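In the two assemblies presented below, subunit A is common to both, partnered first by subunit B and then by subunit C.
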Partner chain A sequence: MNDLSIAATQSSPAVNSNWQHGLLSMCGDSYPENSFELFDPVINWVERYLDESDAPLRLELHLLYLNTSSIKAVMDIFDLMEEAHRRSRPVSVCWYYDEDNPRAAELAAEFKEDCSFPFDILSKTS
Partner chain B sequence: MNSPDLFLLRQTYNEQRIMICFNGPFSKSLIEEIGKALKNYMQSENATPTAATDVFGVYIEMMQNIRHYAAAKGYSDVDAGATVIIGRDEEERYVVSAGNIVDQTDGQYLVSRIDSLGGMDKAALKALYKEQLRKPRPEGAASGAGLGLIDLARKATLPLVCSLRELDDGRAFFSLRVVI
Partner chain C sequence: MREEMGLEQRVEALLEDPAYTGHPLKQILAELFTEYREQLRQMERITRISDHYQSMARDSNLSLAERYQKQMRQLEKIARISDGYQHMLHDLNQALRQASTHDPLTGLANRRLILDSLHAEIGRCERNGAHLSVVMVDVDHFKLVNDRYGHEAGDLVLVEVARYLQRDLREYDLCGRWGGEEFLLLLPETHATEAMSVVERMRLGMRQLVIMVGDVDVTVSASFGVAEHRLGASVNDTIKRADAAMLAAKRAGRDRSELAQ
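This part shows the complex of A and B:
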């Protein structure tokens, strides 16, 4: 199913997808200079999964710092999920953050404002 | 070149509480390395993770703005350089300043854009940020999300301060100071 398995670098997160389980995870900082080079395959995977399958999609995010172009790309992914949600497709996001650093939680909360599907923001230590 | 007095330079940096500074052409990997040094430095100073994230974020956004601009303009390595200073002010706030060569007309546009952001409170900046986030990204643009300056204004605790010094070849030196 052409799952994604992208290793993390200093400026880009690890990205892994599992078509069979309807799971996409991203973990780490994201501030590549050209964020669409990184995110285009991810956006394509989400688009394809939402088109070709009826199963639920769950995103697990352990993202820390995002530069603005990564924020734009992540918003594009959430927009696809929002569209699917409006067609009654089960989609959800779990965004994990470190209690030491509330910035990641604040970032997640801002995204959540624009999403009406289930969107949990969870502390890793709680 | 006269041999620079490194001791004097060092004294100036210390007096002005400059943690890290850089001048010259820079690459993507250099941005990352200086960023890593900045993170380590702030950790050793026992900065809160929140402050470290904010300063790091401002630094990255400013440097990437400069890189994208120079690339879009096709500037030579020399003109594509930047001058960056990261330090603290008298009130212990972190300050990131960066300057680069721009075309004069672009510089004037930047100055007016920053002036208009300066008149906005946090709620208005957030609304503008969200509006910009909703705009489709320009075809073929590597980044150009157009969010950079608004993001800086949102992270800053004081209005952004910028200046433009005209050079004689239709270009100008643009500098921007962000207090976090």
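This part shows the complex of A and C:
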């Protein structure tokens, strides 16, 4: 089980997981000094959840700024989800962006490019 | 191959022929034939294994190439997205800088940028003795415009006045919104007398300005106070003198320009 509950800092997002509901959310800016330290547990959680359960996984992202290694980590998570999707596992992503900043939606679309599972890019009114 | 099969068949036939039972060569031939069969079997096995290895190596090469391609694609994508975030950040920074130094209504420099520029210009005056004039401009009876036509009309008047004030300025002059209906002009390399003639022209031109508010034409005038910076004086002193001159113009009946003492 072991859910994640990581508080946000100025340079890293809040991360919360809910195994029971198959939900993982990340919220905030991400330019941590050590991105492996932050994302390793997250990637592990996703791997474990996809291995040990067969319930759907839903990712909710409210990410503003991502540095390069955070981009890599997020892509790794999407790769895991894509593999699971190919095995007919229901997985989905909701990527929320601030409607004042449409550039963020364009970047989310770049992430979406290689994903064949449901991937929604939604504006939120601030 | 056919000949070989033929040979094997002939040897088998001879070995089975009872006519040679007990013949000393038959025993040797039988052993030799068994040995030969075993060698053949071994050879086929080795060939099979070798083929298998070859195809495995080929497969692993392929998957290595595939993995390499995939990594390259991922790397390119990461770089592309990362560049996107850099651009986004850069643009947001610029928007933030613009917002922190400009008035959102008129797009003019705000008080912060006016003061920064004034400090820089006065620094230059102090170093090389250049002249600098500062002009305080206040729209006359602005409150009446607001009261009579509403705040939106008032805003429109401010936007038009701002556009007018900027129109004939030189590239290195600065026009900013000091607050409310007050504007401040910075005229570097300009004596008080030159500044006065610039300002007189501006004042007369402003009376010709017709601003359409709905279906009403609104005309405005303004009072101007001109102060030339005195060497050694502070930024504050110079602004205060321009302000005092502007108030003197107001007291003298508005739609006037006054030179600071």
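To be clear about the criterion, the second predicted complex is superposed on the first by the 125 of 126 C-alpha atoms of A that agree within 3 Å, B and C clash if a C-alpha of one lies under 4 Å from a C-alpha of the other, contacts with A are read in each partner's own complex, and residues count from 1 in each chain.
Simple rule for what comes next: a contact is a pair of C-beta atoms (placed from the backbone, for glycine too) under 8 Å apart; a residue touches a chain by one contact, two chains touch by 3 or more.
Just so we're clear, the structure is a prediction, and the values are computed from it rather than from any experiment.
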Which of subunit B and subunit C A:Asn101 touches, first, second, both or neither: both
Partner chain(s) touched by A:Phe117 [first = subunit B, second = subunit C, both, neither]: neither
Larger contact residue set on subunit A - subunit B or subunit C: B
Partner chain in contact with A:Lys72 - subunit B first, subunit C second, else both or neither: both
Residues of subunit A that lie at the interface with subunit B and also at the interface with subunit C: 65, 67-68, 71-72, 75, 101, 103, 114
Interfacial residue positions of subunit C with respect to subunit A in the complex: 74, 77-82, 84-85, 87-89, 91-92
Contact footprint of subunit B on subunit A as seen in their complex: 10-11, 31, 33-37, 64-65, 67-69, 71-72, 75, 98, 100-103, 114
Subunit A partner contacts - residues on subunit B that touch it in the complex: 28, 31-32, 36, 49-50, 53-54, 56-57, 60-61, 64, 67-68, 130, 133, 137, 142-145, 147-148, 151
Interface residues, subunit A side, partner subunit C - complex: 65-68, 71-72, 75, 101, 103-104, 106-107, 110-111, 113-114
